[in-house]
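Here the chain labels run A, B, C and D in written order, and each chain numbers its own residues starting at 1.
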Amino acid sequence: MTVHTFAPTRFYNSLGSHEPALTIGDGDTVVTETIDARGFDRVGRKRGDGPNPMTGPFHVSGAAPGDALRIRIERIAITRPTGWTFQVLSPNVVNPGAVVRFPVRKVTDWVIDTATKKAHLATPPATLRDWSVALEPMIGCFGVAPALGQAISTATSGPYGGNMDYRGFGEGVDVMFPVSVAGGLFFLGDVHAAQSDGEIVGTGIETAAEIQFTVQVVKAKAIGWPRGANKNEIFTIGNARPLDQALQHATTEMLDWLMQDYGLDEVAASHVMGQAVRYDIANVFNPAYSVACRIGRKWLTDLRRD
Amino acid sequence: MTVHTFAPTRFYNSLGSHEPALTIGDGDTVVTETIDARGFDRVGRKRGDGPNPMTGPFHVSGAAPGDALRIRIERIAITRPTGWTFQVLSPNVVNPGAVVRFPVRKVTDWVIDTATKKAHLATPPATLRDWSVALEPMIGCFGVAPALGQAISTATSGPYGGNMDYRGFGEGVDVMFPVSVAGGLFFLGDVHAAQSDGEIVGTGIETAAEIQFTVQVVKAKAIGWPRGANKNEIFTIGNARPLDQALQHATTEMLDWLMQDYGLDEVAASHVMGQAVRYDIANVFNPAYSVACRIGRKWLTDLRRD
Amino acid sequence: MTVHTFAPTRFYNSLGSHEPALTIGDGDTVVTETIDARGFDRVGRKRGDGPNPMTGPFHVSGAAPGDALRIRIERIAITRPTGWTFQVLSPNVVNPGAVVRFPVRKVTDWVIDTATKKAHLATPPATLRDWSVALEPMIGCFGVAPALGQAISTATSGPYGGNMDYRGFGEGVDVMFPVSVAGGLFFLGDVHAAQSDGEIVGTGIETAAEIQFTVQVVKAKAIGWPRGANKNEIFTIGNARPLDQALQHATTEMLDWLMQDYGLDEVAASHVMGQAVRYDIANVFNPAYSVACRIGRKWLTDLRRD
Amino acid sequence: MTVHTFAPTRFYNSLGSHEPALTIGDGDTVVTETIDARGFDRVGRKRGDGPNPMTGPFHVSGAAPGDALRIRIERIAITRPTGWTFQVLSPNVVNPGAVVRFPVRKVTDWVIDTATKKAHLATPPATLRDWSVALEPMIGCFGVAPALGQAISTATSGPYGGNMDYRGFGEGVDVMFPVSVAGGLFFLGDVHAAQSDGEIVGTGIETAAEIQFTVQVVKAKAIGWPRGANKNEIFTIGNARPLDQALQHATTEMLDWLMQDYGLDEVAASHVMGQAVRYDIANVFNPAYSVACRIGRKWLTDLRRD
């Protein structure tokens, strides 16, 4: 159960079977740094290129195809007093043609105050002079090397994780990814100080961070899509376009989970899901959209296994 | 401000310019009855046909095209100790092909206990013997007569409302519909005792109810899609397939709302939405899917109008 | 087998159970007039309103729910020397955001020459001075009254037909619609002098026409979606969004057709379809998109029925 | 203008920056072999793994990012007297739930006769005993290494080409791909003896082939998506889900093409496209669907450039 402090020197724009940056043991903890989506670090130095330069990969001893890699996000500490967003809604989230009303898309700066745990626009329009945003740091892009020797852009996502941009990936979350290569090869980056559902301006408040996480290899755990859990809920993620297909992936994965781990058959699982499921639209901006299918733990406590 | 008690004798399967069942005044309150999605009333008598037989229409004096009709749902009292759902997930919410795992789709009965405010399956599988669902009554289908002299099936929905099957349409909600014909012609029905996001088994717990609502004509209020508000949030609804388009409608309507009523321009509205928006997938079962775009009131209190 | 010459005096903007304009017998032929999508007739007089004002409905004696109504389009004669289109691509057929490159959407006039069977822009840009379009007249919107007492806008389409805007609905085509009400109630209008696949500028060359068609009641023929046939092919139409769902409807209807009328089981029908099917994207502009699933007659001649 | 005869020894399951199998010059011709989608060669020996093992990559001297690589497919000679398909429609091309009617999906063998240029099922159902398919050989999967150092599964496709499964990629076609890495790195494989639109059983008639192609580097030709041409037409390909987005990519690329190479502005290009465009649904089975946007050459001959 070693704690590694890892200072990255190289950043990747794809999740793939790249040279491990560090080999760690099952159960180990890592404290490391992430730079922002365009490659700027905590002091504003450009150290990587967009999209979403990744820290890693971390090779986890003992992880093999057919296993799951469990990551607990223990701390996301924002390390830069600034962030940035786009300033208009993404054209694909409004009615086609409505985009002609918008000014040209550009980057806007934010001030991040970790003392008050708030962020505000550096140069707000008059109407937003008194308006601020509570920090809810989250990881925009993380995951493992995909199958088939693929290396896939950090702009998008898939069964292996990637650029899911989900608000639910904050401090305290436990996430499982399906392992496709020896060591799993875990990458992370693209921290947001806060974000709406859907990442509908095309960014969260993009910034740099220090992250502490702990890994665990779950042997012979064949999952199809990322699974997560926090204090109150379990959830699955589906990544695809359109949202309908992302939802199908997430829903099918939750069905499988309830059947594999909670002893339910198709009918019982359908009954629970037909009352308990809540969906989050994680992002509706990236090449693959992301949908979370959540179930509160309270719905699962009265299930019987005998 | 009259209170009308209305006992329906005829039920409609389309929202259209049908003969008014009752004419009421602006500001009036109505207490009335709804029957379930297949036409059974509080004592289990069949009084209408599916899909979603509607009580109404109510002609509201003074409502004219270009106005909005505001409906406050003050009470939804379930009047029958039974409900029903389907027993397997709808084939369109899981991966294509996964449906071959399911038994044949059929109706299952529920027991509804309004004293304990819980529902449970009448004949549960063993794993669900101790499992119950807290009642959260909601209106599955309501709205006004659509434009162009149309009469549209209560299986689907549109700008005029209809079968949106949104959990958010419970007690205490305020909803605005765009008026397309004189009197608005408001219909309602299809109460669910509870339901997941997405209505993913194809039903909520379908039952009969008594509903109290109050109407208000908002003159010269041209809205594009249903808008709602509760104690904590405002929200808009988009109805379409795929989910992507339903989301576009809801998001564009929220943008319009923030610009019309909160004094924001496109950039300021985008900044607020890019942090504050939460989406609900209301239903992903009906011919038109429904998405809610929500913003917490807390995000709107610090906006400046000067 | 009467031939009726019918001069319409009223035009409808919805397909519904409206008062029959004319009652005709099974096997009868009708010669009638259609006005353009905005309501202008052959001499440019405004006689109806948009969208797509319909001639009809024609009540066909003997047609009852569960039957199919077969319409043979024998002649489409353009009766006006002018037409109109929009002048830029519809925003939904290009990448979101690409629309900002376009000038404001507006109507442009065309000159239609029925002698040379060509159309050209009335005021062409310099690059199109020598450019013209061969006439291929087609019916944009036609169909029967839908089920459930519905009346649905002629802007959209469904199982009953409607605004399908398919190039394949030209002279010589035979089309079957599922009958939902007594008499079927057949409507037609919205003739285009020519059009691309997808109706991607949002219009064909919209004009007025004289149409001759013959009706036939096919008793006890329960079809799910419009079916068509011409000299070389049979085809089915699916209407929905997204295109994926329109394609599912059209493909399923073709599967049913091959099984019902050609003696194939699921496997044999899949083999034929897996080689023979051609798809047309009829329209990708209306609220419901339309996809045609076609099979050449040559693929069906060698099937055995013994 | 060398002619290379290349016998592959290694096959790739991703399009990526792999070690070149052969370096060739601009203008060179290659004669090589492809194995089938599951890795079986002309004599039925297994020499690679699915999905779609690729021959190549071919490094073309002088090709650099920002160029286009033009490939002329001069000959596709089927080299094996057998092929295979699936025997039922893919679940995603029929209405959800219709799939329960189908037997379990499995592989069926075909006999390919290159003398008569026909294929027939090895063990046909009785109804198909006399039924055969004319050979129209095509390349299912080909393209170049994608940008960002990616290596992407040959199951899917993107701007760089990939598994597009388009009937139009037969003998005589000229295709251009956008070059993202030095040498382009061209891959090819997955020949089909014939196929419907949409590849709706999930395969064409999968077989082995000998292919002759000639490469040409088009310097400083920044295209966004594959472009093709044959004797009668030019076309563009968009790859994405849903079909709506694939169509948007293909349509936007055609707009760009007409503006760049044919001297049209947005309005003139829209007029031409609004009459001339034909769409093909290439595949509606793979992770990314593919749509072709075609324009007949006859529509382009009367354009003026002065």
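Here, a residue touches a chain if its C-beta (ideal position, glycine included) is under 8 Å from a C-beta of that chain, and two chains touch if they have at least 3 such contacts.
Worth saying up front: this structure is predicted, and the values here are computed from it rather than measured.
Over half of the residue numbers at the chain C-chain D interface are used by both copies of the sequence.
When the interfaces B-D and B-C are ranked by how many C-beta pairs touch across them, B-C comes first. One finds 47 Å separating the Cα centroids of chain B and chain D. With centres defined as mean CA coordinates, chain D is found 32 Å away from chain C.
If you average the Cα atoms of chain B and of chain C, the two centres end up 34 Å apart. Shared interface positions of chain D, i.e. residues touching 2 or more other chains, are given as 92, 96, 241-242, 244.
Per the touch definition, chain D reaches chain C in the complex via residues 85-89, 92-96, 98, 101-103, 108, 121, 124-133, 194-198, 200-201, 203, 205, 241-244, 247-249, 251-252, 255, 262-268, 270-281, 284, 289, 291, 302-306. Residues of chain D touching chain A in their complex: 13-14, 16, 147-153, 240-242, 244-245. Of all the residues in chain D, the ones that touch chain B in their complex are 90-92, 96-97, 99-100, 242.
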